[in-house]
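These notes open a run of structures that come right after.
Two complexes, one shared chain (chain A), two partners (chain B, chain C).
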Partner chain A sequence: MLQDFAFYTWAQFTPAFVLVGIAAALLMVDTFAPRFPKQGLAVISALSAIVTGLFILPGDGGISLTGLAALACIATGAAILLGVDYHKVTCESVCGAGSQEGTGEFYALPLVAAAGIFCLSQARDIVTLFVSLEVLTLSSYVLAGYFRRNRGSVEAGVKYLVLGALSTGLLVFGAAWYFGMTGSFSLSPATLAVGFLSPGRITGILLAYVFLFAGAFFKVGAAPMHGWIPDVYQGAPTPVSIFLGVASKAAGFCVLILLFRPLYSVLSVPEVGSLYTGRVFGFFSIIMAATLLIGNLGAIPQSNVKRLLGYSSIGQAGFILLLFLGIQTFEVPESGVGVEFVPLQHNVFYYLMAYGLATVPAFYAVALVRMSRGSEELSAFRGLAKTNPRLAFLITVCFASLAGVPLTAGFIAKFRSFVALLQGGSCSTLCWLLPIAVICAAAGFYYYFKIIREMYWEKPLESDKPVTVPGISMAVLILCVLALIWFGSKPLFCASPQGLWFGF
Partner chain B sequence: MTPLAHYLILSGLLFSIGLAGVLVRRNILVVFMCLEMMLSAANISLVAFSRAQGTEGVPVYDAQVLALFIVAVAAAEVAIGLALIVAMFRSCRSVDSASLNTLKD
Partner chain C sequence: MLIWLILIPVLAAAAIGLLKAPGRATALVSATLTFLLGLGAILAYSGCIDCCCCGAECSQFTLQPVFARVMLLLTLIVTLGAAVGLKAPNPQAERSWAVSTLLISAGATGAFLSDNIISFYAFHELALIPTFVMIGYYGRGDRRSISWTMVIYLGVASMVLLVGLLMLCLSFGAFTFSGLAANVAAGVGNYSYVGAIAGLLLAGFGTLVSLFPFHSWAAPAYASAPTPVAMLHAGVLKKFGLYGLFMVADCFGSHCGEVFGSWNNLLLLFLLGNILWVGYVTVSQTRLDDMLGNSSVMHMGYIFLAFAAYIAANGTNQLAVLGAEALIFGHGLTIALLFLLCGQVEDQTRTLEMDSLGGLAKRLPTLGFLFGLAGLASIGLPLLANFVGEFTIFASCFNGTSFGDGLMNIGPVQVATFFALWGLVISAVYMLRAFRRVFEGEESDAAKRAVALGSGDVLAAAFLAFFIVLFGCIPVTSLF
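Right after this comes the complex of A and B.
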């Protein structure tokens, strides 16, 4: 038992301590210096999240789960940075226009959540996993319902709370059975093998795994635990939607990989694998297909852009899940625990990065249009190409990347999903999963291009003034778009198979 | 001594009642109580397993540590949940889940 916990050192958690420390300091400033401008708090908070994220970003491109945590920290920073420009709306929705009372926590809480995500990426046992996941989740409930004068936000908070607590219940019930069947909480293959190889425990351990996966599926927004996503994305404050869409999703994939890793190792034991490998991957294929279909087909009729992005986030989670099929095909040069997960983690990191780089500016655009035109509907984007040609172009690139147009990072990411599916799927799976994936990718073009159509084909009304774009938002939009094009066109210059898989 | 199975059946029953309550009841406060019941069900399983896995009357304390963490998390969840329900009552004048109807397809 002791060896399991010897994995952890205090130094390993330094970034989490730093984040929580800064959050506590910001709360103190907020309490004892109420005249301090809250936007200043937001800038400090955002910068510290981004700097921490860059600091823990591994140089080799996200090989370990720490890469996902770094991505989550940077996305959190981007979300808080939107809060700076969004401050007026925040004040109106929290305590009425003209007063900035009670808005300070809005900028400190995401840091606590980011610290939770970092601890999650370091977790090697279910207790740490559960506690850090709850640090993240509990902060998210508060953030989702933060705009208390806005009925949509409160409703999003309550819905998220009820469904989130339900998934927590399932997760801890699974954890209890995991412990009962294996005698330890460690997420190591050796522990799990006890459960799989002892006589009479196989049902219990499978039950435990189904419940644990239900908790992970809730976080990533995979079917059948996706129900909260459209409502919460639509109702939550836009900066929080960014946080939930990118950072919280990265955390969900951390949980999924942490749970999947020992399971996959145990499946490589012949007497277990011959019975269960097909069933486990079959179960995963059904989840993937359902997630892809619900996300991509559900997005088609949407008229609210935030809700559309919510459905799109379910659909993109489906494409990330496809990457898990590729796990069986990776050639591993040297053996070791979890080595075969390195390419998978890299792929998931790459996909989430491409998704985040496009989704963050998309939500920024929604917030900018909302501030100028007071609406988050598709029609509010009318004629943006006439009034704000530069902004319209930047938004076009983001949505093109989400759809997967070549020369953007989104294309490379989707390409990797399809490669994983083609290489890893068995013949019978390919027969039905490949058509579904193709249909969903095509559906993506339809609903993402609805926004582009609205901007370029519809005429602006007489009364429409140009959307005002503050400097910080413009800088973030330009940076994200440059990164999307850079990552998307880079394989042109280093087109070896090696470059396509591991190069950036 | 009570066999392990009895505890697990009790825990399973509590969990099912909680889950059924979450799915069926319409009052958010009752739904919330049912959610807490699901967490308590997990706690019963954990403590029972902790005894059963132990040797010579000494339980494996790992599971009890998780049970303590679950109690702490449940308390935090109640604090946040009740605050959100109060905010909901202020804006909707009701704690019925049918009044959560501004966000839908």
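Right after this comes the complex of A and C.
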């Protein structure tokens, strides 16, 4: 059993140690130097997360799962960075205006969570996977309910805790079944193949997988484990919503790929595959359809922007799940099991990057509007094109990218989902899943454009002053928008169409 | 070099929108620059795919198809005309109008020059967005619901189209028009879904071009749109759908009957709906802008007729392609000029109700002359640009049909053409009636409000009218 863990080396986890070390140092400063401005802590924390993320980012994007972890670290950094501008709200909501007491952990905890995500990306067995996931999840519980004078935040914290505990329970249950059926914690294809090929165990393994997937679905926000997302996104402090929306989702897809990889390798054995491939992908197709429908149709009637972004994140998770269908079309090489996952990991990375580049500034915009106009409703964005034309333009690009408007990265991302669906889906799947995907993409145009309409078509009230945009927020917004346009338009200008579904 | 035809307007739009550069002047500079550059590119074109490389990767834009060159020329002329004639109610509106003009023109140029099918699709979407925003913000009448209807119609159509294009590309293993043609010629590809693909393409492209049962978004949208948006959308951008259909059909060459053939009879029925049904709807309009919007929808029927003739002849009917090119070009110029003049009428008289107008030609003879010219062009008078197209299309429908054996080899296309010819009469009715009600007769109160046209107004209209006459004498297709 111990040989399951022989695979790891200490050096492999250096970035996680660095992150935890910085978090511990920040907590020390917070405790022993209470006068030290907490915004300073936030800047240090954000920079260390971003630098770590850039440092571990593989040059080729998402060839390994480390790419997803790097993405999560950078998103964590962006979330903490919003905390700098959002500090006043944080102070008011934690201990009353004028005091900064007790706000230090708010900037240190995300680093611990990011360390958890990094370990997760390195995990090759269920125990490491579970422990890393819990490091991430426990920090998130605290963060979601951090604004203790804000009823919405407390409610979000409690809901997240209760539902999160349930999903953890399911994951542990699945892990127990997995160990029982294979006699090992290792997530290697060989281990699973042994269990799969011995008679009488297949049902048990499939049962284990259902529960393990349920845990992963909770993290990515896929149906039927999506219920927490709208409430928690709406109630949680906005920087935490960014963290949950991007970093935690990236972690969820790490888990999903880690679990899916051995399963798919076993399915490529002909005698197993002929029996079970259809069932596994059928199960996934139903999950995809439900996620797409719930996310995209649920977003339509929303009037709170954070809640809308919550539903949108469910819908986008549905589009990312579609990418998993595409794996059936990649060639399985003779040697090097898992190589066929490279394009899948790459596309998931690309989609999450496009989603993050648009979602992070969208939440920033919500926070800025909230600070100036005191509301997170759609109507608070009214007439922004008149009062802040540049900000309105930046927000427009972000939401256009989320909707999948061409010349933004979001279009290329959705395009890849559709290619995966059309290539990987069997004829009978296509007949019902393709119309659902089309309807959901069209619905996306409807609800994302509601914000653009509000900004451009409505007139501002007499009392509306321009929204103040601090330097850091503006810089993040501009950077994200430039990246969205760059990644979205570059492949369209180049002669090789390969850039459309692989590479940048 | 071709990439600059897209980058210049985009950069100019960014300068106006984000850096507060003056609207009309910047748009004029950009439109003039692209006009000259594009004209140079078309004249200098010698068969090489765009040879400019950016970094390691070559740009995908090409002038290879004749159709692309025709469309580029049309885009350049209409954009310059719209920029010259740009006249907004206030400075802020002027900036928005200039930005939208430039973005629509950049998107249309990108779409027509793209070899990559996904870029072709994406650039068109880029051009649609300013259209929605402008109609919703500056439109006439019930602008929000008109714009929202348009978003829903065109949004769904675009999704249907994207699925159709993806299925097409995946079935034939190429994502470029040139690659598609090469694969079809080499016999590579899977023909089992072609019927469904053709249906999706016809529905998607058809909605974008306002093919009969999917047309109801179009006329109100054009009528409501601010002048430059109406000019560019009705004149240039809408033709994207027809351009796409002809490009795809061209890739299939002699296989195109296999792909689109099963839909041809339904298409004939629909296009007769455009010509006859919408034609009668046009006759009954009481506002000038509604009349022009509907007439534009009606004329699309003729170009679809050319497509049907092309398909029915299994891609051997080159006359149909020539006719479609010429009519797309002529109609683009004419409808742009008509919308420009319609904007000037409203600007001078504050109304577009034809009943309250009248006798405007006495006040503004230049306007009356130019409108008459454009109206006659739209009816299809010889020596004006539309005639070339309409005549060639009708001729192409009988291309290869011999009357020697009685009427035995008259097919559905020929039968449809007999009905379609009545469209000419209908156009004459509504266009001449409109001219009489607006420009002739007793001088109305509205006409008395008219002062004088600005020099920009006359210049823009004369510029477009010049090309209508020029390409009426020299068919545009004979240039390439």
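In the analysis below, the second predicted complex is superposed on the first by the 493 of 504 C-alpha atoms of A that agree within 3 Å, B and C clash if a C-alpha of one lies under 4 Å from a C-alpha of the other, contacts with A are read in each partner's own complex, and residues count from 1 in each chain.
By our rule, a residue touches a chain if its C-beta (ideal position, glycine included) is under 8 Å from a C-beta of that chain, and two chains touch if they have at least 3 such contacts.
Predicted, not measured: the structure shown is a model, and the values here were computed from it.
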Chain B versus chain C as contact partner of A:7, first or second or both or neither: neither
Contacts of A:390 with chain B and chain C, given as first, second, both or neither: second
Chain B versus chain C as contact partner of A:453, first or second or both or neither: second
When both partners are placed on the shared chain, which of chain B and chain C touches more of chain A: B
Partner chain in contact with A:419 - chain B first, chain C second, else both or neither: second
Chain B versus chain C as contact partner of A:177, first or second or both or neither: first
Which superposed partner A:493 touches (first chain B, second chain C, both, neither): second
Which superposed partner A:165 touches (first chain B, second chain C, both, neither): first
Chain B-facing residues of chain A, complex: 1, 126-127, 130-131, 134, 138, 141-142, 145, 148-149, 151-152, 154-159, 161-162, 165-166, 168-170, 172-173, 175-177, 179-180, 183-185, 230-231, 234-235, 298, 301-302, 307
Footprint of chain C on chain A - complex, ascending: 389-390, 393, 400, 405-407, 411, 415, 418-419, 422-423, 434, 438, 441-442, 445-446, 449, 452-453, 456-457, 491-497, 499-500
Chain B residues within the chain A interface of the complex: 8, 11, 15, 18-19, 22, 28, 31-32, 35, 38-39, 41-43, 45-46, 48-50, 52-53, 60, 62-63, 65-66, 69-70, 73, 76-77, 80-81, 84-85, 87-88, 90-92, 100, 102-105
Chain A contact footprint on chain C (complex, rising order): 3, 17-18, 54, 57-61, 110, 114-116, 118-119, 121-123, 125-126, 129, 133, 136-137, 144, 151-152, 155-156, 159-160, 162-163, 166-167, 170, 175-176, 179
